[in-house]
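Following this line, the structures themselves.
Two complexes, one shared chain (chain A), two partners (chain B, chain C).
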Partner chain A sequence: MNSNWIKIKNNSKISLLDIPILDISDLRIEIISLCRGSVSVENGCINGFRPVGFFGKDWGRGDTRLFVVLSDDKNGVFYVSSALFKAGIREYDSITPEIPAFHIFEREFFEEFGIKPKDHPWLKPLRKNQDDYKFFEMDGEEIHQVAVGPIHAGVIEPGHFRFMCNGETVYHLEIMLGYQHRGVESLMVQRSSNRLAESICGDSVIAYNLAYSRLMETVKGISVSSKAQLIRLLALEMERAAIHIGDLGAIAGDIAYLMGTSVFGATRTLVINTMLEFSGSRFGRGLITLGGVNFDIDDDKIQRAKKTFDKVEKDVCRMVKTMLKNSSVVSRLEKTGTVSTERAAEIGLVGLAARASGLNTDSRFDFPDKYFNILNAERIHLKGTGDVNARFKIRYKEILQSFSIIGKIFDKLKEYEKEPVNCGYEVLSKENAKDVFAISVVEGWRGEVVHIAMTDGTGRLTRYKIKDPSFNNWYGLALAVRNNGVSDFPLCNKSFNLSYCGCDL
Partner chain B sequence: MFDTLKSRIFQGNQFIKDIEQAPMREQFRGLPVLKNSNCDNCGRCEKICPTGALEFNPLRIDMGKCTFCGDCKNVCAKNAINFSNFYKLASSSREGLIIDERTTKELYEKTAIEVKNEIVSMFSRSLKLRQVSAGGCNGCELELNATSNVNFDMGRFGIDFVASPRHADGLVITGPVTKNMAYALEDCFLATPNPKIVILCGACAISGGVFQDSSELNREFFEKHPVDLYIPGCPVHPLTFINGVLGYIRGKKKERK
Partner chain C sequence: MAILLKLADLIIILILPFLISGVIKKTKAFWGGRKGASVFQPLYDFIKLIKKDFVISKTTSFVFKLTPLVSLAGLIIAALFVPLGTGCAMINVEAGIIIFAYILGLSKFFALIGAMDTGSSFEGMGASREACFTSIVEPAFFMTAASIMALTGNFTFDSLSKILENAGSYGVLIIIFAVLALLLMLLIEGCRVPVDDPATHLELTMIHEVMILDNSAFDLAVISYAASLKMLLISSLIAKLIIPESVGTLEYLGFYLLTIFLISIIIGTLESSIARLRMSHVFEFIFVMSSFALIILSLTVTRMFGG
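Right after this comes the complex of A and B.
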């Protein structure tokens, strides 16, 4: 630690004026020396820091300020620094050749501010219209291309996939996104709300709304009752369990094991219908608000939910065990779509996919809050083989983990029975702190959801930055399908289940 | 083998028998119930509404914009706004989605969907749909997928999602239609053979929803092509979707033979 960086904890704020401004070449050297270790792994922990934020902000008179946030997972802190690009400076030396995990961050920064990372190996567009983009091509007698999307066969979000195949085998996959770009970050600056936050990525309603709420509560200095905090964590784990169960069903569907699809599908319904009972929406929309939550959960509901979740847990266990006893199932999952531990660390995978590849990152444990700590949850230990099988099993384990956390939350809620669940309507008009930089990271079911906010000297929100776990992980999918059959692509894709809108924003 | 059978037996039958009378949990926020006489014109509801769906004095809610978030109800100190759990919200006209104090569920159910004979004669037994997500957040998409699961099992009514627009009788659009998806949506529409219907699913598709002020949208599609059915929600509940489509292609149960 030196004066080139300032440390910040999760869910906290620092003064914007305290963030060091370095020369870009110095900042680059700093970043590389801190992140260099991140390509080596020891017992599942990466040795260096990894990027969670690398984004620009218009700094007036044509200047651009680049903010960098690195995560020190071992010590649970973030390092923040910045560099100023004067109007005339349009390029800098790319960091990606040294630290590959920066590749997509630098592409984003280039696309938004036009400042070019020199010698970036693959400086292609990220979100803007890409009609003229020339795909990476391979040559050879037997090589052929398969193009899929933006509209896919199923009912899913749009994205384009271009495969370079030799017969059945995929040599290379290029993923082109941006179709979902709705300009969310600038909408957040114009008029942020819990409802907009929920709609950024509608399969992670709770994770996004929680990150937004915690962030704005930090910026505004609002404190939230213990009861509301616990209900929020409850909802987060329910979301995780529900989506994971649905994904087990989707994986089963892609290997044509329809029994699994039906059972997991029906089981997921039970979880999201409980969410409906808690919040009036199957995905928990409308539950979380600034200052707390909108709905109390009484003992009646808790008892009913406990019963339901017992059944769900049993059904899931029975079905997973049945599946894994079936050799024709296992042979489809094992060694399909593998990302090795080293590769995962190198390209900066996060969340579930990283854990399946043997990295031990989980922001719930790396950056815990007070309420998660009192629940005494335990990390999952799984031999991360990095294939579809590992991503299947880690989902199963996380479902069990979530239900165990949920059980503990139900018990804890009794202690806070008398507390209010929110601070009322007036809290919404509370002023933002002036000149601050705040960060909130929530471990959604896919991985870390990062929200960062900045205000100016009048307390106006001037920048809102979001990073979805899919932002890091799409490239992992592209690597996973190499040397697999092209017909296994749907299976690999489902095993990652990445977000299009979370990446496109 | 025996394990598989056991799992099957433990599951029992999951499907909802009568989809038109399916019960709904009371907490579900469906058709709003408004009461002007309680309202003291404080304006909090209008201020908090994230989509500008609500007006007061007199109270009106545009369900084409509404996200059913319930914030208006939560901030109303006078209990003038409530939500019933009535889920048959689809309407065949855009204006039909705007409701006021006089709207009751009986009235809404009767008038919201105008049944057309040519549609009924063409599609009542089989309707194949192509879904296009044009900026949809995956909320509506998840719920549309759920319509085909073992609980809702929409396929039994002859309504299915198909992989190609060439096989489809209509489009189901979700999302506010981003600039980057506008041409793909148009292409998909053109690739669908006539006669075809267009169904808008969710607040985003109907009005832009929470994204209506974004500069990254391109909603020209709706200036060019007529829409058959509007299905409100954020996201749309599977029962809302299935009943909406069934109502449009088959008419009301009692009027059916």
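Right after this comes the complex of A and C.
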């Protein structure tokens, strides 16, 4: 690659001064040429790059610097570049018309810095000023609108959904979020901590805390013992298994299949209760800290957990098989809420939803770390049909995969029995934290959780960027429900199970 | 004695609807591996609701306030034409079936306009679904009723028990299909799985539940009681069909209660073992009822004119 980009591995840092500054029009052409391949898909592998970061930073004197991070999944590296907008420049040519996956990134950049992407087809607010926005409308005798939310029945997060329906069929769904915007990124700059990181998105406590911890350890040069690394991976897989089991139950609940709801509900509790035994919190709050983990896991707990997980795995297998044999269940799941492989690649789906649509992307395997590699985990191969059925099955496969990884971690933990779990981080030196750009990507249960940090000349954090998988995937849900019955929307929604707070930040 | 029996029927109308809901919920809890609430819970809920204060949307008119009362009154009047625990209806007039059907129709009509009166897009959607399904159920119900009238020469529910003596061996088949058709009607009109999901909180998927989103307190209590009463009435017709006429009054009452209990358990079990149908497939499900009705009609025609 030429000097327009600088490469960076996952969980590593580069000097901020090394990042090239391009002219925005050159950068745009570069991005388009690198990402264009991603529309064509072969065996689920994405040819070409996809965006994981596209964000601005205040560069003094009214200038704004735009950072772009593209992911080269095949080679497991990220490409970083940037452009500088002088104070007077308030617009540039939009990338979205060429590469649709950028649409939400450009909307975010516009909202935060007021620099307008010219010819952006859909410059809708992302987190602020929802009231001023005019929704798309359809006209016609039999067209009706259904507005749902932002306050919903049940205890769920706020988000507004506007359906354009013809009778029972949804023609178009518009999603409006931002009701939970808390300014997390600036909070992280002011006073970042593990506690804050794990509170960003309550259903991905481990993924967020892990991404934050790895990022800060990278920036500050803190080392973590092998045992602690393994316990972190263990927690990540337990979180994945628990949430996936819960989601299978929720899908069963939406189609009024009572038995599934009960069995999955009960087994999920067993998994999160094991987490409670390990860390004192059912969701693993307070487990991960800078420099390691706060709790050691002794052999006694491992034996108990093994027994529990065996039972959970057996129960989940049996229930999933019963459900997939039940024709009334399968008829609800199959061909509901389909996102084709081409479309998924085009709009840049990530994580579980992307895999269900047949894209072979999983940052655990694309950007593996040393400890994940020694576990010899295997990628899941599933013919991704992109419907609710596929998202149901991929969850099931990932639960089995997680339990197999968990088993391997339990075996490996014995080898490191004597190691401490927390080295403490007093040893860190401020020296190597100056003018740093670092990135950490963790595959949470929903998909890639991206954390990016920058420091200034004194080693102080100046920018903290977070990207939740939901950020990419909400639009996938909007496409999935097109031409489906409006009464199938909750089922589609549950099969994606996207985060509101992770997107609103 | 006759007065005592009427009193028994009255108690049945007042208490049994709650027990039906309670038993269904208990059965579902059992299959779900839970202990579940007491079978009297719907009754407790009813009492709780009538103690509450009203909240009435400002966008509604008098129609909305009228709806629960018309629904309730309609259902109670309809109940008088149905043979309950004693085996004969409280009011036994010519063409009782037609009065029954159209009084139910009146309650349904008010439920629909009451829902649309709120101006909520959800409730309009629910009303549209409910109206659509009802309009397919109605012909099936009348085909069955007309066949029975033709066979017995009498348009009341009390004559259901005469099918066997008037139609001979055809009667057995007619009774079997009529029971099946009524069971399906019970699931459709009672808003049970696989047609509707009474337990869901997702407005977009609801049919009956979404129509009463704006109702509260006494109105809500009355509406949920009326919905259970409707299930009781359809179950009572099934009981009348399958309990032989030769049994005595007290035995009839025993068999009747047993049948209602069994039907509740069957519904609870069904709800636990199958998923809900996709909305667009509900029509196919209702057409199954229509086809049963057609079978009954053709059996009747064969019996009367075929030799």
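The rule is short, and it goes like this: the second predicted complex is superposed on the first by the 498 of 505 C-alpha atoms of A that agree within 3 Å, B and C clash if a C-alpha of one lies under 4 Å from a C-alpha of the other, contacts with A are read in each partner's own complex, and residues count from 1 in each chain.
The definition used in the following text is that contacts are C-beta pairs under 8 Å (C-beta built on N, C-alpha and C of every residue); 3 or more make two chains touch, one makes a residue touch a chain.
Because the structure is a prediction, the values reported are computed rather than measured.
Q: Are chain B and chain C a fit on chain A, or do they clash, once the structures share the same frame?
A: On the superposed model, which is not a single observed complex, chain B and chain C fit side by side.
Q: Return, as a multiple of 10 degrees, the angle whose vertex is the Cα centre of chain A and whose sides reach the Cα centres of chain B and chain C.
A: After superposition on chain A, the angle is 60 degrees.
Q: On the A-aligned overlay, A:Pro121 touches which partner chain: chain B = first, chain C = second, or both, or neither?
A: A:Pro121: touches no partner chain.
Q: Applying the touch criterion given at the start, work out whether A:Gln145 contacts chain B, chain C, both or neither, answering first, second, both or neither.
A: The answer is second: A:Gln145 touches chain C but not chain B.
Q: Looking at the overlay, does A:Ala266 come into contact with chain B only (first), chain C only (second), both, or neither?
A: In the superposition, A:Ala266 contacts both chain B and chain C.
Q: Between chain B (first) and chain C (second), which does A:Gly62 come into contact with in this model arrangement: first, second, both, or neither?
A: Neither: A:Gly62 stays clear of chain B and chain C.
Q: Have a look at where A:Arg195 lands relative to chain B and chain C in the superposition and call it first, second, both or neither.
A: In the superposition, A:Arg195 contacts chain B only.
Q: Examine A:Leu276 and indicate which partner it touches, taking first as chain B and second as chain C; both and neither are also allowed.
A: First partner only.
Q: Of chain B and chain C, which one contacts the greater number of residues in chain A?
A: With both complexes superposed on chain A, more residues of chain A are touched by B.
Q: Regarding the shared-chain residue A:Glu168, is it in contact with chain B (first), chain C (second), both, or neither?
A: So A:Glu168 only meets chain C here.
Q: If we overlay the two complexes on their shared chain A, which of chain B and chain C does A:Arg332 touch? Say first, second, both or neither.
A: second
Q: With both complexes overlaid on chain A, does A:Ala153 touch chain B (first), chain C (second), both or neither?
A: both
Q: By how many Å are the closest C-alpha atoms of chain B and chain C apart after the superposition?
A: So the smallest C-alpha gap separating chain B from chain C comes to 5 Å.
Q: Taking the stated contact definition, name every residue in chain A that is touched by chain B in one complex and by chain C in the other, in rising order.
A: 153-154, 259, 262-263, 266, 326
Q: Could you pull out which chain C residues touch chain A in their complex?
A: Touch residues, chain C against chain A: 28, 31-34, 121-122, 124-125, 129, 193-194, 197, 199-205, 271-281.
Q: In the complex of these two chains, what residues of chain B are touching chain A?
A: Residues in contact with chain A: 3-4, 6-8, 10-11, 14, 25, 27-29, 44, 48, 50-51, 67-71, 74-75, 83, 131-146, 149-151, 161, 163-165, 175-176, 178-181, 184, 188, 204, 209-211, 213-217, 234-235, 237.
Q: Could you list, by residue number, the parts of chain A that touch chain C in their complex?
A: The contact residues of chain A facing chain C are 144-148, 153-154, 168, 252, 254-259, 261-263, 266, 326, 328-329, 331-332, 336, 485-491.
Q: In the complex of these two chains, what residues of chain A are touching chain B?
A: 127-129, 150-151, 153-158, 178-184, 186-187, 190-191, 193-196, 198-203, 205, 246, 259, 262-263, 265-266, 269, 273, 276-283, 285-286, 289, 294, 315, 318-319, 321-322, 325-326, 425, 428, 499-501
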